[in-house]
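Beneath this line is the structure, given in structure tokens, with notes to follow.
Note that the chains take the letters A, B, C and D in the order they are written out, and that residue 1 is the start of every chain.
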């Protein structure tokens, strides 16, 4: 899977994103590592507040002004993006890494036609293109995301489109410069179930066409199962378990992963389920001293409250951060 | 602020005894030619039609655009202007004027006897509504054109002030043709015979006058252009004078002069006779119908202190309506010296201790200052005074309509005693706004009006003045000190005792 | 400390400063604010911190006493605004349909009239005095208050529990007093502080145009105006009362401004 | 759109008529006979009576008003009592003056508001600074600011002319030189109010997802601020300017007085002071019409900016 000669497309190492300073410092992302190979899809799973969106913003170089990348590296094809100034990131954003967001209803500027917003994305990385050329490319992009009669819709305003349509526009915008990596941050969460399926299909088809890699962020394991090659599970700013989709879905080691799997509604199997995980992700300014999942963990021992477990291998690239792993046996 | 003009100049026949310092007119032998003369103007202008003009500031412009029938000098003497000479016939009931030859209006129409007749009858015409009508109508019977350059005016009654009026607003000659042409808009399109013509009037900002190349007086005018620029107050006027944006600013108090002390490029001059500042009230109406109250107020006022504070001590405290140095001046002692004890005693006698008075306060800074001092001093003898602000432009009409009972006042000095005495103190005087009616004073003034020689008239005015000062229709306060400041390059500004500077013969060296 | 708290504290400090200056004026200055003197238009000195005015009065003293006038005008005008604007706003906010529409029309009509211009006209007509000034300020400022109160009532009413209270048959006054008023009180209080600041600001502007309190009242706006003629002899004559206006206005403004 | 404008105008006209009628009635009842004002002080009762009859001042207020509004509709606003000029001639030259003053002021205030509050760099410092300036700006009276500016730049430094207004014909430089201080004075207040409204909205808009999206496209910070945040954040400002233009008039009145600018504000003040009724009335009407037209203009601009609003 991994070709030792060429580096992976994206390699995140020990990334920390902090807000505030000194005693008030909080880490939204705390020492995360992540590898995305070309053409593959890496799913990131976690509840809201787990830091998965901040991770994606950090990769985009869009950490809000109040925060910063405190340490770590984000290598894109070998080049470290962490700490690059906004201006230099400008050439990479949209061009090599593109992103689509959770809320299609608000992710388009209500004052401009979608054509104009698409053109802006194209022109940002191709200053020589003529207006006509750009417009044709915008229409072509709309066609590629299966928007009917794109010649007409290109002049529509966002409020004239449905949520699913807007998400297609967002995808078109992300594809406009042929990115190597697409970060999709909960792209289907806000949509109806039928539309969700359409969008996922579309993404998969487009990935086949273009060969781009994808980071697919979601809290929905079902969606991950449908799209991801590799999966990382995040909890309170850290990766607690990572591996291939098969590793995670069939051989989960971490109690949190198991909890997530259990809380997923499964229609196909009527298995005895773990109880839904009680409580919520602790906020970054109020983390427990030891394992961050310890307060909610059914398997916790006093040791868990004393120190924070690191990732341990469980065969191949399958890693999990739990003192008590594997826990499946215990559960049984 | 606007100030309604009532410093009307009433000139008498016998201005004999009075000699005031001559203006700077004669200072330079050959005036420099050309240039623009910029004047700071504090008051607003409403109209340049002399028929309707009531704003004091308008008249300095009227004197440039128009000529008067006769004029007055700095010594109060009557001089020829449009009338080259005149005779008074029929015991002062008929005036015959011989006009200058070859004078024409700016529109090219000739100035002649018909024009004079039109001008006077225009002002007398009730449908025109000139504010001068009430003044002229009781006096003028008819106007006769004798020949194109001779006009006679027949009077209903002897009136020593007629020539004075003709040196003033009633004497400005306007073009009959232009009146017919512009109608109600004549005030914005003035046409006269004067040394300058109106070029542009940006209301509220500036008035630009250009030299009249066909002006009839030899040599004059010397300037190419005169610009009046509106200034909001004296400080800004002086500032602009200092930087050279203006050449001339006036209406300056002694305090204002402190701002330009030691500036070599600016010279200052005092107006020859100041305004007579006083307090007036209605003597036929409560509470001021009580002489004791009037006397108490007079005793309560420390006029030296007022002079010191307002005029830096440079004004003359007034003991009567007449300043010292005129032939009808008296040195009778003022019967109501500053004496708060006596004032309190008089109030007690009148049963008015702790009384409350309302003093009308026009929005002019000088009245505002004066009234606050008056209120303070009357407060010290137990009279509480409320100051009631009135917009300056509304103020005098309220005084005339007797809507105002207690107010400060100021009058400019006249060349003839009949001027002020008759209009203010005779029960028939048109500017008698106090309701003062003393038959003795009336008789004295009527008698003096029909006498010619100062020697005969002086005792009558002296007696009248004593009665008036005793009766206190006015409390005399002081004769103000007022200054003009101008660039050293300027020559020929004439500061007349009527407080209207004349700019017609101004020249400016480069 | 949040920005709002900081602003409130600054505002209260300024108001307290001005109020104390007004209250303790006789102790802070040995002069009578209305007593003339022979030192005309003196520049600032140890004896006269802001110099003297055109009647030889101590400007510092007059600025101190001026605080008393401003602190009467502002709150008194705000009281009138409250008495007219709040009831009308409450009624309009609670009324439905036509009644509400009509009141809103009236409020909108009044709001269309520029407040300052209206104040100018009315002051010129009825003449300057303290009660007239307060009346005029109240007259021109109530529509803003009425509009605010109406909007607040409407938004609180939209919340479900009022409908519920309606449904269980609470009387309207009871609903207003128990449910609506506590929710809008704070906004109204803040608006009143703003009203005080606007009133003082407007009164000073009228005074500057010569339509304020008649002399010799130590009216800040009037002092600025009469000092204008002597800016080069003693600039404090205008600047000191002008700064006093700014301080007081700012005090109430900071107190009332709850948004960023 | 046209329909909307017409509908709104239909609504504006009766309002103006109603308000001017109120003004008319109040003024005629309070001020007494306009005839005595026109004739001056020493008018005889006969003359007053004659003039009353000639101008119809003896008729009922409603009749007089109808006549006035009828004449006004044809552009004849009567003659000033004080200057005897046709009112239209007096007001005519003042309109461009005030419009120009307003134009520069608005240009400065709005562009300063938008630029200063949209610059993507140094937000904390700039933000704190503008908040401070805004608070000072809305609380410092115009006359104080004007007096201070005059005393510094004109009296002490002598850099700029103190007051006054010069027409374009005096040269562009002179003309603009006289505009600097009044425009600065007036825009300080506007900048402050505008800034407060704009900043609050800007911060809200900045949080919107589409701003993130725009950044993710790889366009510059400046483009994000000015092309995406600004056009959205400006909308409440447009509404504010439209609805509060009347209150902004007050500042113009004071500023024109401080700097002796012959604009509408000063004309209005002097007309009020002299009870120059025809001028007052016409000015009142112009002001009201201006306020209502600005409201309308604001709505139209809003509709142009925001495709979601349909008129």
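In the analysis below, contacts are C-beta pairs under 8 Å (C-beta built on N, C-alpha and C of every residue); 3 or more make two chains touch, one makes a residue touch a chain.
As the structure is a computational prediction, the values presented were derived from the model and not from experiment.
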item: Set of chains adjacent to subunit A and to subunit B; value: D
item: Chain of greatest Cα-centre distance to subunit B; value: A
item: Core chain by centroid distance, with centroids computed from Cα atoms only; value: D
item: Pair with more cross-chain C-beta pairs in contact, given B-C and B-D; value: B-D
item: Chain centre separation in whole Å, for subunit C relative to subunit B (CA means); value: 44
item: Separation of subunit B from subunit D, taking each centre as the mean of its C-alpha atoms, in whole Å; value: 40
item: Separation of subunit C from subunit D, taking each centre as the mean of its C-alpha atoms, in whole Å; value: 22
item: Centroid spacing, where centroids are CA-atom means, of subunit A and subunit C in whole angstrom; value: 55
item: Junction residues of subunit A, two or more chains touched; value: none
item: Two or more partner chains touched - positions in subunit C; value: 124, 210, 228, 231-232
item: Subunit B residues counted as touching two or more neighbouring chains; value: 232, 235, 239, 363, 391
item: Pairs of chains found to touch, sorted by chain label; value: A-D, B-C, B-D, C-D
item: Subunit D partner contacts - residues on subunit B that touch it in the complex; value: 2, 4, 44, 46-47, 49, 52, 54, 126-127, 129, 131, 133-135, 184-185, 187-188, 202-205, 229-232, 235-236, 239-240, 243, 245, 363, 391, 393-394, 396-397, 400-401, 430
item: Parts of subunit B lying in touch with subunit C, wherever the complex brings them together; value: 232-235, 238-239, 255, 258-259, 305, 308-309, 312, 361, 363, 365, 368-369, 371-373, 375-376, 386-389, 391
item: Footprint of subunit A on subunit D - complex, ascending; value: 123, 208-210, 212-221, 227-228, 231-232, 305-308
item: Touching residues on subunit D, where the partner in the complex is subunit B; value: 36, 38-44, 46-47, 50-51, 79, 82-86, 89-90, 93-94, 150, 154-155, 158, 161-165, 167, 257-260, 262, 266-267, 270, 273-275
item: Residues of subunit C that touch subunit D when the two form their complex; value: 3, 109, 111-117, 120-121, 124-125, 197, 201-202, 204-205, 208-210, 221, 224-225, 228, 231-232, 235, 238-239, 242-243, 245-246, 249-250, 253-254, 257, 259-260
